[in-house]
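One chain, chain A, appears in both complexes that follow, with chain B as partner in the first and chain C in the second.
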Partner chain A sequence: MKKVGTPDYTVSDKLKTHAAALGTAAKEMILPLNITTHYPRERKRQPDCFRGIMLFDPERCISCFQCSFVCPANAIWMKEAPSGRYYPTLDHGKCIYCHFCVDTCPGGALRTTKIHDVAFKTMEEMFTTTEEMVEPPTIIREDETVVDYVIDKEDLSLKRTKEVDELIPDVPESKGVPMVSVCVDRGSCIACKICDQICESGAVSSVKDEAAMTVKMSIDAEKCTGCGLCVKECSMQILRLVRK
Partner chain B sequence: MMKMAAETIVGEAEWEVKIPKKKFKDKLFFENLRDVVIDTKMCSRCLTCVSICPSGLIVNEADNVDFPNYDTKCLDCGACVRVCPRYDYQPKSGLGDYIEFTAGKSKRFKGQDGAMGTEFIMSAIDMGLIDRGLFVDRNELWQTDVFHARNPDQLHRLPLGGTKYVFANVIPELKKAVMLSKVGVGVVGTPCMVSGVRKLQEAFPVFKEKVKIVVGLFCTENFHYDEVSKYLEEKGVDFSKLVKTDIMKGKFVATMTDKEVKFKVSQLSSILPTGCNVCTDFTAVESDVSVGSVGSAPGFSTTVVRTEVAKKVWDYIKEKGNVEVGEGKIPELDYLIGHKKAREANIPGYEPKKEEGEGAGE
Partner chain C sequence: MIDMINGLISTIMNNPVNIPLLYVVYEFLLKIPVLGGIVAFLLDFSLLGYPIVRIIIGFILWKPIFILLLVPGFATLGTMLLVLPWLERKLVGRMQWRVGPREIAPRTRGSIQLLADSLRFLCQEVIIPKDAHKFYFLQFPFLYFLPVLLPLLFINPGAAGTPLVPLESPYALQIMIGLISFMPVFIMGVGWSSNNRFAFIGTVREAFMYFAYEIPFIISILAMIVLYGTSDTAEVISLANQSSWWNWGIVLNPLAALVFFIATVMATARLPFEIPEADQELAFGPFIEYSGIAFGLAYVMAYEKLYVLAAIMTMLFLGGGSGPVIPYLGDLSYLIWFVVKTLVLLLVLVNLRGVYPRYRLDQALNIGWGALLIFALVAVVWSLVLGGVL
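Up next, the complex of A and B:
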């Protein structure tokens, strides 16, 4: 059997540890180590890639529905605008802020912000229309200080700076995963030219040869933005999006 | 896998599609179809064109197949005339080629007779040949609906078997099934639908690859729901009590729970669809296996195994002991085959070739 004995401290050891404890107590009394941010008077500095409320740019949207397809929470619904185009609407009651939509958008029409502190009074209000997604939501800002978390060795400390953080970061445009549309079963192509009509980048072309009674179809991989509009519309479902 | 596909396909993303010749050069393809098939009352309403039309705007109206606003909406791709069995009509008749002429009675399923159509499709699912089978189901009012079966258990709670004598939306559903299926699809249909499926397979490899087994039904004619239901109600048929309908020895027999209504089939000619008037195919010559009531003892289905695929399924059914094999009597089909062959006279501008006189039983 092994017996655990009391540590063998000398008098000087005991004095040293007691002095260190008194020192810490004195330091905490004058400069307390407090890692709580005093929101809303202070605001923590979030990274530029923070997944907050999304903004939408209709100019860049090509109505490809990719955002609504990829949304795991089914929070994005496409609604028809007066122009006949389809634009996303977002239900904040469902959104889990995964930002798959931002990542998947081939045109970079969705962008992230650091805004996360929006209050909705009703469930209906949480359903934001396309128009409401264009401008950032109005929030009341009382913060004058930005708090940075500084980690040195094992200690965490706060660094407070007198400034107002910009909540809409200027991030480089998302390039996404370059995809290209390809036809996987050319024999089953009807040559209905729907893909040609729907393509916005002019990548798909169909040329009818009246004499030979053939239609020449082609997809220009260079021009194709990989939006998937043709894939969605193909009546024979023979187009696929693949990585470039 | 997707990446592999990209590497093989990207870079040579050009292909050519042949489009068919127009009979009327200055008109759209749908106008060609309308002038050649629909307006001449040749259309069987097999709905193959409805299934393939990329705009999805060809519709089956109460009285015929139509394409509203075709002048602006038709994409002029020619898919409809490529697949229409009646556009370039080559009437089939007789008994056709077969490997085995027999009769069977399914031990698993109950139908009008031997339920061999159901048995063939379900056995093909059991074999792993297909993962989806299309059946025509009906409701209490005998309105038809197409049912996608993926498991034999699904069939026990449905009144699937039995002749309906009413057209169904089989081929548009077949296209959906082909798009969804990973292995293959099996389908049961009337001779005009079988011809439609074969046309689709000829034109589009995706159908050739996916549609593995086509069960044809013996068919003298088939009616449209609105017309037949009105007619039968006038004759005193109560749909809520109707158990089965059949054509026996020239008489239409509607069996109800309490009584039977019988009348001569010839009386139905007033509501005979014009498409059936030019149909000469009784036995579904182009199918993999044809099934019907005529030509075997009551309770059995006459089974005409035509292709190797169907033969494999038939051997599987026998091996599993799911069928009671009966005897098929070819001469019993003679009358109806001849009856339908006589309709060749109704086809505008058709002159029968001399060799084609292969009657049944030869």
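Up next, the complex of A and C:
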């Protein structure tokens, strides 16, 4: 067994360490290496992909529920709009800002901003409705300087530039991954037509075969938006989302 | 009766501090049209046959009163209490890559932070715990000023040939040691009257530390008394500055200076010997129950003691007020050098907290009863040898 004891220092070692510690302190006292950002008056420059408050574009939303399904904190609930479509609402009390919803959105309706300094007065306010997610929240900007952290070899230093950082970055719109719903096991289809009822884009159609007394469902790959609603709802679990 | 008053006035008026600059300012003021007239009228204004304004100014400029009240006495102590914690926070912040106080008066780098703090303490309610001994609980932080302020009577900020000591006594150093040794009693009283378990632990630690540092501390001063052959502060300063800085105590007996320095850090419970207060585990130890203005008083207790001890160290080891003479300032020149030396010493003392972590109680006792005591005894022997040689 190995025992850990106090290191063996001679008197000269101790004096050297004391002198080094005091010397470092004196050096830092005169020429400090300060890495503090004076936050309300200065802002650290964040990357464009910073995971801040999310904005929502209802025009691009295909009501696919993917954001709600993927949310690990169960913060996104879909609410029915007057138009009959379902749009996401976000509970900031639960949200962990993992941005899985932004990554998973097939239509690119959710986008990220660099706004991270948001305060809510009550728990009820933290539950943001769809309307509140469209416009960025009002923030009072006091900052005039942007701070960049520069790492050269070992030391970290700050580079200050007189400019106001744009908090809503102008990133190219996400195209999403084009997906299409495909039936993998036609023999098992019971023609319950749930997919037909739930499809918003009218991609599912049914063909009645009078002679064989069967109904065949077919999915039009051109019309399918790849929202995956039919995949979720299929009673026989025979639909899959595949890349277009 | 009238003879007595006249005698008192002549004593006061015949022993002023020598500041030539004041006369230059006075003559300049007389030349200004309206202001000069007012100044001349005020100085000639007499009540019952006495020039009352002249007597008041003379009283303030009377040597003992000037030294005791202004520099380096109460006024300087008060200024230090306001400036020193700010400087400490600022400099320790710089050492640790932080900014320190800044938000209050940002243009002056937060320099009035302590005023804001004291305002907060003033407005806060003073809560007296149910189990505390109310009488002593409220009394001790105020009584603590007694042993802190009395040593200022014997501190000599002058240089060779010009002793500037309010009270000359052949036993000045011994009286100061006695008063300083009296200070921990008040801290123990504070801890005892709080009747709190953390305060109790802090008090016991304070008692342990008290014996660990007090003996080397007294012996290191004894070494200097042996070296100078006198314990009268006026003579100590005269002997220390006979030729130049190589006659300072720190050069003649560096070991005693080191022991005094470490004992000062221990006595004021500052890092690395912040054992009785130990913020992280005891939450300010003996002072845990204090709030409001009583806490403000308890908070500055350590700084008061620090100032007195640093002033004594400046006097004994750093040659008092000796330094390049600033023209037109006369005696004030010595006082300024004394305060500057004390301030530098204070900054070194308070900024140790940015460098060292805290020792355990047993380690600190080991240092106090071991190395420190041995060093102090060696310093006495060195003083005896040096006294024989010189």
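Just a few scattered comments:
Note that the second predicted complex is superposed on the first by the 165 of 244 C-alpha atoms of A that agree within 3 Å, B and C clash if a C-alpha of one lies under 4 Å from a C-alpha of the other, contacts with A are read in each partner's own complex, and residues count from 1 in each chain.
Operating definition for what follows: a residue touches a chain if its C-beta (ideal position, glycine included) is under 8 Å from a C-beta of that chain, and two chains touch if they have at least 3 such contacts.
Because the structure is predicted, anything quoted here is derived from the model rather than measured.
In the superposed model, A:Lys193 makes contact with chain B only, not with chain C.
By the touch criterion stated above, A:Asn74 is placed in contact with neither chain B nor chain C.
By the document's definition of touching, neither partner reaches A:Thr161: not chain B, not chain C.
By the document's definition of touching, of the two partners only chain B reaches A:Val184; chain C does not.
In the superposition on chain A, A:Met236 makes contact with chain B only, while chain C stays out of contact range. When the two complexes are superposed, the chain touching more residues of chain A, out of chain B and chain C, is B. Touch criterion not met for A:Thr17: it reaches neither chain B nor chain C. Comparing the two complexes, no residue of chain A contacts chain B in one case and chain C in the other. Residues of chain C touching chain A in their complex: 91, 94-99, 102, 351, 354-356.
By the touch rule above, chain A contacts chain C in their complex via residues 21-22, 24-25, 28-29, 32-36, 38. Those residues of chain B that touch chain A in the complex are listed here as 2-3, 5-6, 9-11, 13-21, 52-56, 75, 77-79, 179, 204-207.
Of all residues in chain A, those touching chain B in their complex are 180, 182-194, 208, 213-221, 235-238, 240, 242-244.
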